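Paired with subunit B in one complex and with subunit C in the other, subunit A is shared by the two complexes that follow.
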Partner chain A sequence: MAEEQKEAKPKKRMTATKAAASIGPMVKEFITGTLQAKAEGKYKVAYTFIVCHHEEIFRALDVIPVWTENFAGICGAKRDAERFLQRAESLGFSRSLCTYALCGIGFDQWREELGQMPPEAPWGGQVRPDFMISSGQILCDPRSKWYQASQQFMPDVPIYNIDLPYPLFQENRDHREVLGYYHQYIVKQLRGLVAFLEEQTKKKMDYDRLRELVNLSDRTWNLIDETYKLRRAAPCPMGTGDAMNTMVPINFMMATQKAYDFFVDLKKELEEKIARGEGEVENEKYRLMWGGGLPAWYALNDFNYFNSKGASFPVETTYRMVAPLNEMDLPETKDPIEHLAWRWLGYWTFWYDKAKKRPGSEPDVERLINWIEEYKIDGVVMHEAFSCRTWHVGLIWQLHQLAKIYKPIPVYMIGKGGQKEKVYRELPSLILESDIIDITSYSEVDTRNKIDAFVETLESIQSNRAT
Partner chain B sequence: MVFVLGIDIGSAQSKGVILDDQGSLGSFECASGGDFKLTAERMREELLSRAGRSVDDISRTVATGYGSKLVIFADEIKSDIVCLAKGVSSQLPTARTVIDIGDLYTKVLRTDGNGSVHSFILSGKCAGGSGRILQVIARVLQVRVDEIGELSLKSKKRVEFNTGCAVFAETEAISRLSQEVTKEDLLAGLHRALAAQINSLAERIGVEQEVAMVGGGARDAGLVQALKEIRGHDILVPPNPYMTAALGAAIIARESLTIQD
Partner chain C sequence: MGDKQSHIFDTVKNYYNNYGLRAKELKGEGKQFIGYVCSLVPLEIITASGCTPFRVRGSVHEPITRGDTLLETIVCPYYRSVFDLSVKGKYNFLSGLVIPHGCDSMVRSFSAWSYGLPFSYFHFVNIPSVCDESSLEFFDAELDAFRKSLEKFTGKAITEEHLRQAIRVHNENRDKVRALYEMRKADPPLISGTELTMTLTAGSSLPIEESNGLFDQILTEVKGRGKSPLKKGPRIFIDGACLDNIELIKLVEELGGNVVADTICNGARDHFPKTEMGGDPISALSRRYLGKINCPKTYRENKAGTFEGDIASRFGDIGAYTKEYKVEGAILYVYKYCDPFGFEVPARKAYYQSLNIPLLPLEDVYSSGTIGQLRTRVQAFLEMIG
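Up next is the complex of A and B:
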């Protein structure tokens, strides 16, 4: 068996908001809560994946979701993933696979081999599930294969695979032409999930309760959108570093009152900070967008390093897994399952119409362009995590598309008063390279050298404009 | 009259330039060794000696490179990306894309000809695609690094070198030698493989002509030729390409004095 050693504990990242600082204990409580629930045997526990937008179904049937990507991320953030990655490697899994999956598979095998949690398992460890709900959602193959691999060590734990497609973007085709077919299919998939969970829990779905939970999620979606839009303020009151914490209620706690209340508090905190003129950075010089890629969980301190150079991050595409429902024009329905399917499709096709209006654009690029303008962004940072193919593919292409719009030359535009104005739209970009949890791919010195060079580039552009 | 220093402490080689108002008074290159502080001191002494100046004559020093933070007498530290752009714009103002082949990294940057950087990209943590592979192969073939360019240009038979990894390169080279592949053909194959990796990196941020190649790797005529062939156009190489970042640092030092005035 490979050597099982823990890495040095990282320095704690400084948060800009109290809300973000409260997340760590919240996640710890959630993890220990799953262990306790399992021990008491009152509730069923299910492995599952984030960004599926149907956790209301779990909660309505009192199934406790265990977000396996979350646990792998915790191992990464605590710099304690390597021993689980090595274990998965020793079982024959390649390091170039999704390292979330590798970490989870290594952990599961170890726990099953011991018949108890591996020694010093982060925050008590990941609970043994009663069943596993997988979903590739046409974007991530490990989400379908991961649990199949884990099932080798837990042959008594059933898997239910739910398929959640959405129409792909086609420049010359209105996606609404086929949306009805997709909706019917997803409704069937969700009803299949309900039937599976009913069988596992020996309970019948209470559709009034489900409707209430869906309504709670909808309100939370809109509240998150309103809250995050406050970050358009200058100076920006909360950056991406904090958003890597506040993604927890979005992705792991949806359809709970706690998630809703969290954003009520965060919104209030941001409004107060804005009123005081208080930013994430004391003297904000540059406003950056985290334009894609999952973060290096063991190196979140790099956000503080950016901050130390006067750079704030008002917006990120990663983990902002909600969109304003009032802008989606979703068909009315009293059936919560049908609504979940419409909401799913509404989320994934949200940028389609806007993208069609700009020749050569694509939804992912359109989202970047819109947010660059809305949040007054000076530069884009992306992270290529080698083991995450889903996020990798397209990042460079997106930057190339952006470079066609944000050219390194001044352009003339008609300003508000009808006068011709010289406008600088240059937008430098930085690509960081490492992994989500595999720390062997990361070099702090190299990363910070890159950040230094990027900040100097921003500085040089600003001073050139000034002269 | 002002005198300024630009010092580039690289991971393998350190370079320095001394400038006055008019131009360069001298330059110096040495191995970085294991003590960057000492190397920086030695660099300063050597540059002052070549220019016939003393420490008190120096108005400003800008340091760059991997060991720049250990140049304790520097007034300012600048990233090598910014220094490279400045250095290239002073020598090759028509260059819009700069490829720097260093020992540790390959860097590609887009510039406007006035020394401003628009975007840049570095090779990853892995040494594949950097100049380190040239040193590895020189050791295997028992030739000097500065000889491999000319040897490569004498290649008569095309050999495909498969790996881009600095570690596997050694293994592959040894196995090719056992197949009686000549040094010249092997080096040309390696240069093509390395150039393909460099080109791929450059394409990630987009290549705008004209293209300049700098850094220690630009001294290797075989590598420059391989990149020219892959890209299908000429590539500019300034005199003393390995001095570019140090020169840029010195120019930045001189410019900041002008701004202060």
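Up next is the complex of A and C:
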């Protein structure tokens, strides 16, 4: 079995904020914490996935979530995923499948075979779970297949699969017509999760505690929104490179005071940087949006490369898994489970009404358009990770729709004074191609050549505008 | 082959090669065809609306070109091909298209379809990922919403009686397919896998009554055959997703194998499960499409608590078919980038091992360009088990 060869350690990415720099140790502490919790046997640990709006339920019942996508990402960032991917391949899984899942399955199978952690497991390794909570959402097939596949090596570890659909955007339909039965279903699914966890932990849900945790999450959501909106400032005080660190409290630590406090500190730090006029890059020339795709975790240094060309990333769609709750018009309820279900639906349908008002728009496209305008974006960068259909299919089409609005020719718009104004709305885009953790798909030279060419395009557009 | 027999198979071949021929003719007469992708679209509701369901297919012979300008190449090649043909206008005679939540690619590309194709009706059917009482209740409501959207499109009410009638005629179709599969039990089979796949593919482009008529004629012809069109050879089972082109099956049979059964979407997966008659028709449909269609996309709980028990439950239909059709070897044919099937490959391998059935797992890209490679592998496999 192929294994053991690790890639050279990558150069550490420079962060723009102290908050982002504090994330690495935080994640390490979290991983070692799960190992310790398991060893002490005080708490149950469960494999699970991010963006399921179930953290509050976990924490109210003192279940420790083990975010398996996170561990795979760590293996990728440490350039130590290949040996686990190869192991999964040798078991019969195709490399074309989700490499997060392959890495996790390869790791689990190895740990089960050895009866202990594989040699030099990143940060001590991924703990054996007491149970696994998968989710069959409207998207991400691997979420309901990954743990099922892992059960081949851990047949004694039970799975509970929750279904969390949302109504897909359909141009000719008001999604409110169907929200009622979607909500009822999600509530039932979440209540099923509560019952499963109660059985596993032998505890009863404390609904007052759950309500407090939901409230804490809600406040964190709004705080994150406020914090990230500060990045509209020019120069931009924090870029997407840092946001790939600060996604950790958003996605892995929700419903904890620590996550809330993290964003209190980050907000303060950004406000101070803005007051000092301090940007992510010293001389900000271009403002780019990370418009889609999970990052290549082993190549986060590419953000520094963009920075070296004067390009900053004030906004990204990836991992910004919150939206302002005060703009959602969620029905009032005292039942925290019902609220979680409404919040889930509110998040996924957040852009629907706006999209309907703009011909040719669609929720993902509408979000891009809004943020292009709000964050004064000069260009869009996307990443196509070959192994993930969930977050990457549809990106080309979104750029195609955007190109209908942002044309490479001057267009006339009605300005504030009611006068016709000639404006250039050209918006170049760049699609980078590799993978989330499979480093064999990545070429630093090719990637940087593409970035150079893109920056030249941005420069030429700026020169033309000036002319 | 007698004259009459070759005549009916010529008709099938014509419908297969000129896919959509009959739909174009009937469109001229005012009939509306609604395209669908995947086995999870409840066809009975389309039929009950007065429209005709039409299975949109790809082509292994046509290079994917325009489709790739709008849809990522990390989508499974089968779906890419279907999309490519659609954006090139091959199915412009359709009035609408229904896409279910069959996989991530279907979900994520829905806008690319609905904004890019010139149809007046589009609908997305959300299929639950689990199968329990609450998901069936949800699915009832989702199918009712589908019914209402078709009512809005056609301007006509879809009554329970319309639905019952549609269920009846689709069940008849499934009975006829079962009868055709019975012809495969002879050794060698009275109908080849190539003929059967071509027939079922042609049938999915016709109004259900015409499809029933066609299958009746094929049945009569095959029953009247004195001998098999195939020489006796290893009895092969094809396991996988949608195989709407005959090339793989034809290859197996050219190399001496007899393809006798399958789980493929346009084969047993689509046609074997029937809808219960009586009771609420929408509810009966949700139970068929969610509960009975054995697609890896739907998570089935491991009730046994063991891996062996789990695979016996999830893949039990394979075990039953292989026994019923006296299978001697199986080919697991999976498309590259197909997550639902791809994650099941090791478990399926283990299951075939438990049945003592030799297995050839293939990952392919839905292109005639790989036939040469497949030929070598299939030949070696048949020699091994032969």
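Convention: the second predicted complex is superposed on the first by the 466 of 467 C-alpha atoms of A that agree within 3 Å, B and C clash if a C-alpha of one lies under 4 Å from a C-alpha of the other, contacts with A are read in each partner's own complex, and residues count from 1 in each chain.
The rule we apply is simple: a residue touches a chain if its C-beta (ideal position, glycine included) is under 8 Å from a C-beta of that chain, and two chains touch if they have at least 3 such contacts.
Since the model is a prediction, treat every value here as computed from it, not as a measurement.
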**Request:** For A:Asp174, select first, second, both or neither according to whether it touches subunit B, subunit C, the two together, or no partner.
**Result:** neither
**Partner chain(s) touched by A:Ser96 [first = subunit B, second = subunit C, both, neither]** = second
**Asked** Looking at the overlay, does A:Lys450 come into contact with subunit B only (first), subunit C only (second), both, or neither?
**Response** first
**Asked** Of the partners subunit B and subunit C, which touch A:Ile461 in the superposed model: first, second, both, neither?
**Response** first
**Comparison of subunit B and subunit C by subunit A residues contacted** = C
**Message:** I'd like to know which partner A:Pro428 touches here: subunit B for first, subunit C for second, both or neither.
**Reply:** first
**Request:** Name the contact category of A:Glu113: first (subunit B only), second (subunit C only), both, or neither.
**Result:** neither
**Message:** If we overlay the two complexes on their shared chain A, which of subunit B and subunit C does A:Glu327 touch? Say first, second, both or neither.
**Reply:** neither
**Message:** I'd like to know which partner A:Glu374 touches here: subunit B for first, subunit C for second, both or neither.
**Reply:** neither
**Request:** Check the residue A:His400 against both partner chains and state whether it touches subunit B (first), subunit C (second), both, or neither.
**Result:** both
**Prompt:** Do subunit B and subunit C touch any of the same residues on subunit A, and if so, which?
**Reply:** 396, 400
**Prompt:** For subunit A, which residues are in contact with subunit C within the complex?
**Reply:** 91-94, 96-98, 101, 134-142, 144-146, 148-149, 151-152, 155-156, 158-159, 161-163, 165, 167-173, 177-178, 181-182, 184-185, 188-189, 192, 360, 362, 364, 384, 386-390, 392-397, 400-401
**Request:** State the interface residues of subunit A toward subunit B in the complex, per the touch definition above.
**Result:** 396, 399-400, 403, 408, 426, 428-429, 431, 433-434, 441-443, 446, 449-450, 452-454, 456-457, 460-461, 464
**Fill in**
The answer for subunit C against subunit A in the complex is residues 69-72, 74-75, 101, 103-105, 107-112, 114-116, 122-124, 126, 128-130, 132, 134-135, 137-138, 141-142, 145, 149, 296-297, 299, 301-302, 305-307, 310, 334, 336-337, 339-340, 342-347, 349-350, 361, 363
**subunit B residues within the subunit A interface of the complex** = 66, 78-82, 105, 110, 112, 114, 116-122, 124-125, 204-206
